[in-house]
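Listed after this line are the structures, all set down as structure tokens.
Shared between the two complexes below is subunit A, which has subunit B as its partner in the first and subunit C in the second.
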Partner chain A sequence: MGGLLVTLKVRYFGQLQNEAGCSGETLETQATNVAELWRELAARHGFTLEAKLIKAAQDDEFCDWEAPLASAEVVFMPPVAGG
Partner chain B sequence: MEERTLQRLYYDRQLRVPGWGPHGQEILAHSTVLVVGVGGLGCPVLAALVRSGVGRLIFCDPDTVEASNLPRQSLFSVADVGLSKVQAAALVLAGSNPWIDLEPVAERVTAANVRALVEQADLVVDGSDNFSTKFLLHDACRSAGKPFVMASLYQWEAQVNSFDFRRSEPGCWRCLYQVAPEDGCVGVCAQVGVVGALAGLAGNFQALTALRLLLGLETATGCSTWVVNALDPSPRRLKWKPDPACACARGKGDWRWLEALTATSLREQAPWNLVAPVDRQVVIDLREPQEILPHEWAWFEAIGSRVIHARWSQWHASQPNWDPSTTYLLVCAHGLRSLAAVRTLPPSIRGLSLTGGIAELKDMIEGRT
Partner chain C sequence: MNRFVLTQERLEDLQEFKVPVSSGSVVSFWGRVRNHNEGRPVHSLDYSAYPELAVKEGQRILDEALKRWQLDAVRAAHRVGSLGLGEAAVVVEVASGHRGEGFEACRWIIDEIKARVPLWKNEHYSDSITTAS
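Moving on to the complex of A and B:
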């Protein structure tokens, strides 16, 4: 942590939406990469899914956890299996 | 009316559609599609493909119709409760288009039969409800070079993926998920719930994708997932790049993974007749209270097993006091949660998952299989 304060949108899918109590939010963060942002949000919302299950996307493309925060919106999506 | 006239009139409106026409109808008539799972997704997929005139449909599901299926599984009626899903579906589908071949298969798709099923098809549609089946089908389609259309549901949300493994370029689901998530890790429909109308949306989305792929009209390239949340219904298309380290980069046609898988999955899953009756066996029922019928525990008690209740939704927070001298048989509705739970047991504890769950056991006890 310790980067500049940036404003970005976060979008949640699946179980994350239930746990966050919303489909998305706009927030200010000092996180510099996706993993830091995830840890911050997981602590705030008490996410119970392990990070290794979640996929993150920026600009509608899945990215690494170490990817720098470079887009205006970050999507977090767990896999689902119902049929 | 003469049968030939009737058949021409049947397809009239779609024959007029650009990109479809008599040529497209002919392609469909000579196509075979495998649909795995006749549930919330499989029902609308089958209904659409049958009426589109796909010449041969093979559809697999080992389950019987349950009352809780009816709000989303549109091929079944209240009178079908307790009947084989594939048999009930075949009756309805035969009435909606008598000019195609229907092949109901009342079996679970496993490592043992997946290759034979997939190799018969020109395209495979996944309507299963668990990660192991989805990954098994995906990997088999990749090895066989067949297009694959997959979807999954969660409450108000659907994810749809398609892969055209006829094409030579790399890119697959394993590029995104190297390892399949464990079954039960994000809940199953019986626990988290699902909205019926969403299943119709996702199933028809799959059917349209399948038709595009069969008719050669697919324009989307590269790997992507469509995500739709009906509470906020603007669909999103999330893309990913092929992973150069993934097996898909080394070409197709390799089935060695399947032999390895057959060996491991047999060890983890216990057929009921190998486990019961066993002295000092404790049955752990992982279902939610509303899923459990009182007489079901009596089946286990009758062979001398003690039953304890430890619901899967609270499994990580509270587990039974383990006794290393006991054998534990973990059970749930269909064997998905129990298989996931077996994988979390301490190494010193002997635990087995009841394959097919209470549903299959019930069929055996009541003499249906």
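Moving on to the complex of A and C:
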């Protein structure tokens, strides 16, 4: 923590949508990477899934948990369940 | 050809899978909505997707299969939206010279779709309300 305040769009899918009560939101954060942003959002929304089960994306590509926040939109996904 | 598709339309109504005459084998997998899950009666379900990434990841899976096996043509499609019992949720079709690589590739593709493509299922049970996964 301790970075500059940035404005980001966040999108949620699956169970995370139900727990957040929305499919996405625009917010201001001081988080500098994806993991920090997740911790902030998990505390706010009370997400029940462990971080290691969550996948993240930026610019519509999977990204590393330690990736810096380099995009205007970050997406969080619970374990996939297609097929 | 060789495309991964997300669609709200019935997969049963997809255009015919075009196969060259060199293909001695066509293997298809149809994943359908069944009427029970973990002992509970299901009456319908819906699938949601992160469409921008789901299409990319699905296409990557088909491209990887085309590199790993000697295939003539491959196609996969996944439904999104609301599905009734017995309707197809996913279809994988693989054309190849011989059946060995066809069966292997088809099995691999459906396993990878289930493991990697950002899609989520909401099951609606006859005995209660929705469960999201």
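Details
Throughout what follows, the second predicted complex is superposed on the first by the 80 of 83 C-alpha atoms of A that agree within 3 Å, B and C clash if a C-alpha of one lies under 4 Å from a C-alpha of the other, contacts with A are read in each partner's own complex, and residues count from 1 in each chain.
Here is the rule we use: a contact is a pair of C-beta atoms (placed from the backbone, for glycine too) under 8 Å apart; a residue touches a chain by one contact, two chains touch by 3 or more.
Just so we're clear, the structure is a prediction, and the values are computed from it rather than from any experiment.
In the superposition on chain A, A:13 makes contact with both subunit B and subunit C.
Once the two complexes are laid over each other on the shared chain, residue contacts for A:32 go to neither subunit B nor subunit C. Contacts of A:71 after superposition on the shared chain: neither subunit B nor subunit C is touched. Look at A:81: by the touch rule set out above, it reaches both subunit B and subunit C. In the superposed model, A:49 lies in contact with subunit B only, and not with subunit C. In the superposition on the C-alpha atoms of chain A, the part of subunit A touched by subunit B in one complex and by subunit C in the other spans residues 11, 13-15, 18, 55, 57, 60-62, 75, 77-83. Taken in their complex, subunit B has these residues touching subunit A: 37, 39-42, 126-131, 134, 151-155, 157, 159, 176-177, 181, 183, 185-189, 192, 194, 225, 227, 229, 231-232, 236-241. Contact residues of subunit A toward subunit C in the complex are 11, 13-15, 18, 55, 57, 60-62, 75, 77-83.
Listed in rising order, the residues of subunit A touching subunit B in the complex are 11, 13-15, 17-18, 23, 49, 53, 55, 57, 60-62, 75, 77-83. In the complex of the two chains, the subunit C residues touching subunit A come out as 31, 47-50, 52-54, 56-57, 78, 89-90, 110, 113-121, 132-133.
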